[in-house]
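Here the chain labels run A, B, C, D, E and F in written order, and each chain numbers its own residues starting at 1.
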Amino acid sequence: MKYAGEFRDPALAKAMLATIEKQVADYPGVITLMEVCGTHTMSIYQHGIRNLLPKQIRLISGPGCPVCVTPIEYVDKAVAYARQADVVIATFGDMVRVPGSSSSLLREQASGAQIKIVYSPLDAVALAEKNPEKIVIFLGVGFETTAPTIAGSIVEAKKRGLKNYFVLCAHKTMPTPMAALTSDPELQVDGYICPAHVSAVIGAEAYKPLAEQFKVPCVVTGFEPLDMLRGVQMLVQQVLDGRAEVENEYQRIVKPQGNAKAQALLADVFELCDTGWRGIGMIPGSGLRIRDEFAEFDAEKQIPVEVEEPKEHEGCLCGEILKGKVTPKDCPLFRTACTPENPVGACMVSSEGTCAAEYKYGTD
Amino acid sequence: MKYAGEFRDPALAKAMLATIEKQVADYPGVITLMEVCGTHTMSIYQHGIRNLLPKQIRLISGPGCPVCVTPIEYVDKAVAYARQADVVIATFGDMVRVPGSSSSLLREQASGAQIKIVYSPLDAVALAEKNPEKIVIFLGVGFETTAPTIAGSIVEAKKRGLKNYFVLCAHKTMPTPMAALTSDPELQVDGYICPAHVSAVIGAEAYKPLAEQFKVPCVVTGFEPLDMLRGVQMLVQQVLDGRAEVENEYQRIVKPQGNAKAQALLADVFELCDTGWRGIGMIPGSGLRIRDEFAEFDAEKQIPVEVEEPKEHEGCLCGEILKGKVTPKDCPLFRTACTPENPVGACMVSSEGTCAAEYKYGTD
Amino acid sequence: MGVMLDNPPSPQSPPSRGGEVFFAKELKLNTDVILLGHGSGGKLSHQLLDELIIPTLSQVAQSDQNDAAILEGIDSTRLAFTTDSYVVDPIIFPGGNIGDLAINGTVNDLAMSGARPLAISVGLILEEGLALAELREVLQAMKAAADKAQVKIVTGDTKVVPRGKGDKIFINTSGIGVFDHDLKILGNAAKPGDKILINGSIGDHGMAVLASREGLDLQSDIATDSMALNHLVTKLLAEFGENVHVLRDPTRGGVATTLKEIALQSQVDICLQETELPITQTVAGACSILGLDPLFVANEGKLLAIIDAEKADAALALMRSQPEGGGAAIIGDVVEKSSGRVMMQTAIGGMRAIEMLAGEQLPRIC
Amino acid sequence: MGVMLDNPPSPQSPPSRGGEVFFAKELKLNTDVILLGHGSGGKLSHQLLDELIIPTLSQVAQSDQNDAAILEGIDSTRLAFTTDSYVVDPIIFPGGNIGDLAINGTVNDLAMSGARPLAISVGLILEEGLALAELREVLQAMKAAADKAQVKIVTGDTKVVPRGKGDKIFINTSGIGVFDHDLKILGNAAKPGDKILINGSIGDHGMAVLASREGLDLQSDIATDSMALNHLVTKLLAEFGENVHVLRDPTRGGVATTLKEIALQSQVDICLQETELPITQTVAGACSILGLDPLFVANEGKLLAIIDAEKADAALALMRSQPEGGGAAIIGDVVEKSSGRVMMQTAIGGMRAIEMLAGEQLPRIC
Amino acid sequence: MCLAVPMKVVEIEEGTAVCEIDGVRREGSLMMLDDVAVGDYVLLHAGFAIEKIDPEEAEKTLQVFREALDAGLGAE
Amino acid sequence: MCLAVPMKVVEIEEGTAVCEIDGVRREGSLMMLDDVAVGDYVLLHAGFAIEKIDPEEAEKTLQVFREALDAGLGAE
């Protein structure tokens, strides 16, 4: 695995760990770093990074799993669509287990709904083209990494003249919630491990206002273990130096200005909107909605559906976890009532969710 | 089984057999009686009647199995309809095994066609009502016993305002082909065992022209073993007496004029037409077609379909068998290439067919 | 799963898995139906097994579950081994369901070889969306049937197929039997002169299922005859030993097909007496409406016993004295060495041949 | 069907039914696909059996077919008994098909208990419309796999379900094994200090099937690892006897789920070494595209052997010398008595827990 | 194609009769018959009552047989 | 939601690249990238190539680690 395998080299990892240990050897306090991207959360657990780091470094997880932060109303709406006879729900595999107020897509599939897990939104477009008698609704969930691929699918559907391809859109954008979080006086974050692939689209410079306004160090960091260790090392160095800059560990992918074509695609198809984050609440200007020019592909505008009253699950600490205030083990439901096969809250449903990652990979 | 069990009484059967034996004890020749109804054919085999009769009496089978006499083009058309995506073929179980030129309904079902076996044409009407997105085509095959039930279903579909119920019509009528057969100089029939339930509709008098024109005794006969024995006895007596009349053994059901309401239903929905009989050929005025007033239910008029070139199976003696000229055992394919599970010809396909009955119940 | 037959685990011991994550509240939490994940082999599979399937069928602790069950203390050098899959629609019908059917069917196949049924395996293929309540009912019927037949369910497997790729539930049962005697009960052992016995009425199972199938709209009180016959066979063999030549259960294809099979295997002619066939009026009525012949309709609690003529009456008496044989009858004879014909003398004294079922018996009006 | 294991019928003897009506021209006449009637139990069923299934799988003459197979000359007081149903989609995939899978799977389950596989039953559930050519290919693969594993297919059953009520073909195989030794190879026998061995690379089967499934559009040369492991087990047991504590095949749920099961059953902690896991580059590549973890992907020709540490290197050497074990590796240790945790030391030296598969592994992009 | 069964009418509602034979019930349309009453026997074919059964005629037919029997015919 | 895999472009046709990783191939749309050539490595996400990989930058990043290693860090 070229460009992945090299970044898992054990000897190099040990050298970087030693570098970090040396860095903080005399540091008396604790440096709290937040990874906002769920893929980072996964990677930390998967490679067992947390227990390799010196005790002065504390990693906490932020709201970066797009499935986890999707409001329950969205899941309920997807379920309601799934129940319509001619509708096929096309989705990435991540969404199908997410519990809505009273059901999930997997549960609806068991009752006869047509749920098709695809690898790419273009596969959903092909599905619509192949089944003109069906209504294909793709679940548009994800950050700036994924949103352009859905935008691309809409452009493609338009090009092919499809009348039966729709997107149920709940895309979110990244730096905005970080600013919202940082302005929470309870939250003490000494530095941000900034998302790898979101940044490939939006560019490293996108975090500049955050770094400058809140005086918080930001390092765009890749997902491989070496990347993560180096990102931590760079953040620690900023903290030790008293700097608060945007640095880019992941220069092999992420450019300062990001991917202009992907950004143009996003801007063509979507526009910013206010949106709710599960566990956090409404964050102005943090979502994407389909522009009027593409309203013919907007499921919500084209296909009426009645949705049940949303009902959040009780006792779940997801909101606090998404803000990085508590960890899964602080939740009384963790591992007892709430498990990956029967998730209570959003953080347990996606394999990227903080609770799911802790459940699957946590060692104590 | 009231009105069935009594007519299977062994002691009474033996008494009637003795009566017949006595009747023909001194008769030097052979009396050939033809049952024209397939249900008689079945009954003869099922009860083992043939080998109970004295050797002076020879029973031969005529063209009375409606499935057997349905032309191969009809099966091909049903198969072609079955291949249309939205079509459900509704039919009595008897039709599904009949081989067309290259397929059968059972074979098409295995390829994904929707074939629904019903007990009553009214069940097919209900099926159409319940599945408005489907086109339900009922296979209208049968003589005057069955044709009124299909007429009834059309009347019912009209009453319910159904737009998706159709009949593919190949109904045939009874006395006409008997006349056609009898005029064949090769055929030597000394008396007709006339159909039981066809006669319930058309009435015993319907055979009068036949009896009078061709000087051939006719006895309307029930299907139970006692009925059959008595029918034989009555025919033998006419032969011995030199009479050629229409008599009615089955008076508990069959009236001289038949069932006027059923006849009216037939006349309302259908009109006579020329039609082809498998193995026999065209017989003028022997078929029924749907009247123009009910054209909206006529599959052939409403639903265009392309049908393959008909291809009859080679070596089959069905035609001769339907005319009563040879018996199945005279056919070289019988029991070898031609079996009920892989029928070559029409007489093997329906359980009423002469070859099928001989295969299933014949004792040598 | 695995079980030592000599040391069955105590039924009190609960499933002994790691933490509380395995307990019932979870199963109840959001699975009123089977989900695809219940066939994944992972945690949902284990939950389904631990919460429902194993406690219902066998009470084997999870810690005793292995790739294969171990049967100990086998003292027979001869084994009977059989398998059958059950695919009936509907899965629940008057008098039983697919669960007891699957146990009784395999118990009977073992018994028909003269073996004592010892252990049964259960392979479930569940369709996504199957109601857990239906599954529970089926499993409970399996357990009750196994208990009644005194056979243990020792190993199993559960798969889940996507909705529309199955039909609620398919069950395979395989069975092992041991021999407590040296008799050879085989389909090729019928001899001229033998009598043909059946332990009760014909066609009940097939007509019960058909009548309860959607669309035919028949109302009747016909119930399946599904029943284990091993105890009856044990008594027959104990009493009549080598005078019992053939035993076979006339399931799919009915009495006609089964007798034709035996006639061909033994190369004999068989003659049935129509007047002796035990057929209930209700079954005869339903058959007459649909144009079916009860001789070809499936039975699930019947056996055909071909027995030396000298012992036939005594065997009939024994059958009739047993709960499984109240309606027993001698229905025909093996008449002579031949190529394997089956005939029937009809009520009025005629003779007709009996062939195997050709395709399926379909409701017909011809 | 029935077969005397000591007196197998000669393969030359043709099916010995009545007349010519049973021969091949008829089967060929109009059945390029399975029809419902092939499951009726009647003549079409017999034709399918006599023309295709029996000649392909077992060559038992029809006259020897009974409700149960008879196995003679059993000289073991202990038996292993196992069952599995196979429901894979697609039924034919790179390197194999559902047929050899079904044989190998049951052979392996017997072998994992330390038993010598003796006899296998085959229960087929065919979907109306299945192409006979596909069925033939599957059956031929079954026979070849059984021959290779030196196990006999002795009894079987065939059902047909209506189109849309099945998925081409489901196969149940059940198996009986006998013991040539007194060893107890059980899932609860892992001991602290033991080494964990695997006979080759991980995840090949699951990824081969997934990659050949419609819609994912992956191209690769990944082939199933499906293989019978009984010969390998025989050698391991002959050489290392009671030093072999646990054997298990990591099928559904993969290596992770299987080790978690063993850890729970034996109440021990297990620690894997990520760097020691044999995973081919291609499987790793396919997993990374779909976001799957190879530890949870199914294997069908692999065994996990938990072996006394002292013999682990010798056992590894033996495995590597065998055709089934060329890629064998020691992948971890049993570390201590505990409540049954499985951990993995990652390549960079971190530690992570391994749980069972939760639901199904779904292709994901998170 | 002419299989028909004699069944007893046990209920009538809106042109449809519930017909019974030996404990088995099935609905049949009365579209082709007038004056059917509960207790009558009808011949059911493909879900339609196609004719009533005349008990007197049935009896008369059987009488012919009984006379033959009484005349000593068929007695072994 | 940001799983993406570095893959080598082995074929390009009409805006679509065949991408390969260790013997596994999958098509990816080039809608978001200009100037992709066969032999380039791209990051594939949900069927789209979302960015090219810069080999020099990759090398530079690894170099930092190698220097730490050469400095004797992490050696046991």
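Remarks
The rule is short, and it goes like this: contacts are C-beta pairs under 8 Å (C-beta built on N, C-alpha and C of every residue); 3 or more make two chains touch, one makes a residue touch a chain.
Per UniProt, the chains are A, B = Hydrogenase maturation protein HypD; C, D = Hydrogenase expression/formation protein HypE; E, F = Hydrogenase maturation protein HypC.
Note that this is a predicted model, so its numbers are computed, not measured.
Traced through touching neighbours, the fewest hops from chain B to chain D number 1.
Summarising the inter-chain layout, the chain whose CA centre lies farthest from the centre of chain B is F. When every pair of chains is scored by its C-beta contact pairs, the maximum goes to C-D.
Taking the CA centroid of chain A as reference, the farthest chain centroid is that of E. Chain C has its Cα centroid 39 Å from the Cα centroid of chain B. The geometric centre of chain A is 54 Å away from that of chain C, both derived from CA atoms. Chain B and chain F have centres, each the mean of its CA atoms, that are 75 Å apart. Annotation: 84 Å between the Cα-based centres of chain E and chain F. In chain C, the residues that touch at least two other chains are 19, 35-37, 42-44, 162, 164, 217, 281, 284-285, 288-289, 291, 355, 358-359, 364-366.
In chain A, the residues touching two or more other chains are 1, 4, 13-14, 17, 38-39, 65-67, 92, 94, 106, 119, 123, 142, 146, 339-341, 352. Residues of chain F in contact with at least two other chains: 1-3, 5, 21-22, 26, 45-46.
Under the contact rule defined at the top, the touching pairs of chains are A-C, A-D, A-F, B-C, B-D, B-E, C-D, C-E, D-F.
By the touch rule above, chain C contacts chain B in their complex via residues 215-217, 275, 281, 284-285, 288-291, 343-353, 355, 358-359, 362-366.
On chain A, the positions that touch chain C within their shared complex are 99, 104, 106-107, 109-112, 335-337, 339-342.
Interface residues of chain D facing chain C in the complex, by the touch rule stated above, are 2, 17-19, 35-37, 39-46, 62-87, 89, 108-110, 112-113, 115, 119, 121-125, 154-157, 159, 161-162, 164-167, 170, 172, 174-177, 186-188, 248-249, 251-253, 257, 264-265, 296, 298, 339-340, 355-361. Put simply, chain B touches chain E in their complex at residues 1-4, 6-7, 9, 11-19, 22, 37-39, 65-67, 92, 94, 119-123, 141-143, 145-146, 148-149, 152, 155-156, 195-198, 200-201, 223, 226-227, 230, 249-254, 259, 261-262, 265, 352. Residue ranges of chain E in contact with chain C, taken from their complex: 1-3, 5, 7, 21-27, 44-46.
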